[in-house]
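Just below is one structure, and these are the notes that go with it.
When the chains are written out, they are named A, B, C and D in that same order, and each has its own residue count from 1.
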Amino acid sequence: MMILTNSQQIHIKHAWHASTADTKELIHVDCASHIYPDGSQGIHDMCFRVFEKEIVALCGPNGSGKSTLIEHLNGLLRPSSGNVTVMGNKLDLSRVDIWKDVGVVFQRSDDQLFAPTVLDDVMFGPINMGVSMEQAKSEALGALKAVGAENLSDKMPGYLSGGQKRLVCIAGVLAMKPRVIAMDEPTSDLDPLHAEMVENIILNLKNNHGISIVIATHDLDLAARISDRVCIVKDGSIITEGRPSSIFYDKNLIEMSGLRQPKVVQIYEGITKNLGIVMENYPITADELVKTIAPMIRQH
Amino acid sequence: MMILTNSQQIHIKHAWHASTADTKELIHVDCASHIYPDGSQGIHDMCFRVFEKEIVALCGPNGSGKSTLIEHLNGLLRPSSGNVTVMGNKLDLSRVDIWKDVGVVFQRSDDQLFAPTVLDDVMFGPINMGVSMEQAKSEALGALKAVGAENLSDKMPGYLSGGQKRLVCIAGVLAMKPRVIAMDEPTSDLDPLHAEMVENIILNLKNNHGISIVIATHDLDLAARISDRVCIVKDGSIITEGRPSSIFYDKNLIEMSGLRQPKVVQIYEGITKNLGIVMENYPITADELVKTIAPMIRQH
Amino acid sequence: MAHIHLPDGAFSIQWIITWWILAVIILGLCLYWLKKVKKIDNKTITLAAMLTAASFAIFQVNIPLFGGVHMTLTPLTGILAGPVIGSIIVLIVNILSAAIGHGGWGMIGANLLVNITEVTVAYGIYKALSKINLDTFSKAGIGTIIGLLFGNIAMLLIILISGIQGVNQDIQPLLYGLSLIAAVNMGVAIIESFITGYVVSYIKRVRPDILAEESHAGAK
Amino acid sequence: MLLLFRRKSMGQYRMSELSPHIPDLDLITFYSEKGTSLFFRISPWTKAIMLVLIILFVSLDKSLILAVCLYMIVLVLYGLSGLPIKKLFQWYMIPFLFVLSLVLILMWNEPGSPIFSLSVPYFSLTLTDNGLLLMLTLLFKSFASVTYSLFFLMTTRYNYLSAMIYRVFPFPIDQIFLMSYRFIFITLKMVESMIKALRSRGGGLLKSAHRQGKMFAEVFALTMIRSYDRADRVNKAMEARGFSGRYVAATRIPRIGPGEYFSMLAVATMMIYLIWFVRFPF
């Protein structure tokens, strides 16, 4: 089977949903739409859920509504219609402390760092939560340590490199000990080394701290490597979701959404097509591809 | 041979230089250093040349000096020591019209678009060159057409998508008909579709307009796909240069520079290592990889 | 900050024209100075434009103190850009504000006189205090509060001289009313001077080059 | 600036915007770029001259009736152009407070027949018919001018506005004005995202005045510093394309048509007649 047909796609999606029905739902965006003041539509009939201890990737082209969705997750934007439920509580105007449960790392690090020193900036969240100065400081230092940036604490945020800024932003959110962290394009603008660092931090947050992570990205290779679930966003709604291995092999779907398949998938499809053979595995990371191809060469 | 040793690397680099000695040199940066007012070092003993009709990629980690070098190419920054020669003329304070020969597309499109409408913005360069209003307009429209953005001409730059903004920036530079265009991170922030569009425009500029292109990027996959020559920038100087196929297979060099090999190379190296076989080809694009691997499977 | 919060129609036509003419004369002097004394360069223009945009944007921020405060930080503009460029900046900010209904078009002349007073006094005091050994926070804070005080006085004078169209009461109750407004304004001025002091000392700490460059670029 | 005594309930606290009562430049530009009705096609110069006429009228007029009529006409113009009425009423908030902040104090003790009286020891306040009239007249005049002003902005394309600025103002004011107009959009976005980032970590709620003040001061300082850096980069980008001092706005502004001249003349005559030759009861 070269390409999953659409009906198969839907089948996979449903199968996936069933399997996670028993895990706890942390965020539920239910048919939310958001119209910006100038009339442009940010999201439209968006349904999206975040479960416990998972990494979800939102993938979609420029302007598809990824950032708009992320800002709904912690109440920065309110839906024009539809509902957002966080930790079982419906998000309405009386509920203003969702920021304690859901942290957001924005697309531009610069916009997020405003305090005179890194430590001040990271302490900002804990202080707003009402803890004492000492405790805020120790929590901030702990968060900086978790991202490997404890040596930066006295620096001025403006003078850090792009990668370091991103780390400090993550620490600032981490210090508030949220249940969910949403990151908007966490690796754009970063060189491969820094990107890898951020990638490892994300995996570590999930595995060792039990935090659920939502990332918005148009780097499908990144999504393929780290996410448990991929949602394809187009024109303000999620048009399909599922495991990376099933989503990314649906070439029609991906290209119709204005994206391109991850490199690994392109290569694997290229090879099987070239040889006229049937795909058996669906590798999505470089490692998996190597493990799939090498035996094929040996076998023959 | 798994990995090229350093001495072999240098050998390749020299060989390459000899082969291009007969093509015309457009820009020559000769041992230039630049110290920013706050004392931080942008580039240091940087030697760099641009020849006729080629695509050169500057690859290096965050803060390595790529943008600083690019701003030297058209005289926006002057070296603290060393020389820059453009079109055979040494760049000194009396010479102020290099901008006609060398266009720069900046890292942030927003910094470059300041006029009220797209057309005004693209006309800005030609008007400064002293042509009449009508001619400026027709040149601007021509440039917009070349990047496939002629339908945007009446729009306000602030309301364009990220990808559209980038296209308009390129048109703005193109309208001045420069000999060399330098682009700083041309595809960061763009979705795969827009990135592909920009990539095709770059190739088209070289092939159909004979323009030399310098791109600064940390996306080594991009560099591998489109460049004729790759320069690895580290700590303000170019530590090595050569054809993509030779540079990107030098794993030590790439990792030492704070980068990661392109996906294709990682996969190919992974496969050969896994099988314990010797590399014969050095594929650097997905296509080349497929063409290298497929016969191996068939052959066996 | 001490804008004359009067809509179109509050002053009679003679006074609108009078204040406009005065403001235009002062602006003319600024332009003359820019042309003859300090040749204006691209960088200054871009910078002035950016400061204009920044003041306008800052005005849009609602600070949730005492129910909500908006600031134009006019004295800060003066301290950063100097009185000449500062005057041009407040002109543009006033026009933009009038365009979206914050203050009448006719009031721009009078408002300009008030704002130019603020810009100039704040800058002058800030510079004067540089001679004595004082920290940046206090210099900017004191400059701001005095600048705003003079601005307020200018505002009271202008209103007293022009009179409000249709108001027929004696000067005394009018004075009471205006003093009340001035008192409220000065209350906000105290907040503003703390904020300005903090902003300037922050800039001094993080980017001293901005202050250094501005002070000689804008010196009159 | 002015104290805005807004209700502190979160219900009013619209998080998506900086403040719902301040006209949103994006929205204004959206209408001015997309509109197609008749008023979008009138020469921008005509609309500008009409603005001057209206300001003159409002300054000369002493009658409430005339002020209300003018306001009604302008409101109808605004509505006919398909501009958002609900928004307009939200935007009246600040002009309304401007009028109130002064007139609320001045309208008392006006000579005239008392309507309502309040007396506390050492102090007595009397609202007279003239006092009330004073407030209403000012309010309607103010709304008329604000509404027309927004109508002008929202029916005139951005490139015409910029070409007009270029014609009207002397160098270097025109250059600073034109550039700042473009920068405002960028700066607003930047400030908005900073405020968003603050809120996402629990800032922006009422805490101690000191902390609150400090936090906003930090945001303002950063706005200034970023603006400075951005100015540097924009300037570089302009120089890279040969900028040598003057930016030229290329758009041609539509001329004033004969019909438009005639209408303006008619309006002016009408105004003179109404102001100087007709007596209104109030």
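Rule of thumb we're sticking to: contacts are C-beta pairs under 8 Å (C-beta built on N, C-alpha and C of every residue); 3 or more make two chains touch, one makes a residue touch a chain.
Bear in mind the structure is a predicted one, so any value in this text is a computation, not a measurement.
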Give the label of the chain whose average Cα location is farthest from that of chain D. B
So which one's got more C-beta contacts, C-D or A-C? C-D
As a quick test, compute the distance in whole Å between the mean CA positions of chain A and chain B. 30
Need the CA-centroid distance for the pair chain C / chain D, whole Å please. 18
Can you check how far apart chain A and chain C are, centre to centre, with Cα atoms defining each centre and the answer in Å? 46
From the C-alpha centre of chain B to that of chain D, how far is it in Å? 46
Could you list the positions in chain D whose residues touch two or more of the other chains? 29, 178-179, 181, 183, 186, 190, 205, 218-219, 222, 225, 230, 234, 238-239, 243-244
Shared interface positions of chain B, touching two or more other chains: none
Please output the residue numbers of chain C that touch at least 2 other chains, ranges allowed. 202, 206-207
Classify the inter-chain contact topology: is it line, ring, star, complete, or other? other
Pairs of chains, among all present, that meet the touch criterion: A-B, A-C, A-D, B-D, C-D
Considering only the defined contacts, which chain D positions touch chain B in the complex? 29, 33, 158-159, 161-162, 178-179, 181-183, 185-186, 230, 233-234, 236-244, 247-251
Flag every residue of chain A that touches chain B in the complex, lowest number first. 60-63, 161-163, 185, 188-194, 196, 218, 220-221, 258-260, 263-264, 266-267, 270-271, 274-275, 286-287, 289-291, 293-294, 296-300
For chain A, which residues are in contact with chain C within the complex? 116, 156, 158
Across the complex, what residues on chain D touch chain C? 1-8, 18-19, 22-23, 25, 28, 51, 55-56, 58-62, 67, 91-92, 94-95, 97-99, 101-102, 105-106, 108-111, 130, 133-134, 137-138, 141-142, 145-146, 149-150, 152-153, 170, 172-173, 175-181, 183-184, 186-188, 190-191, 195, 204-206, 209, 212-214, 216-225, 227-228, 230-232, 234-235, 238-239, 243-245
Under the stated contact criterion, what part of chain C meets chain A in this complex? 202, 205-207
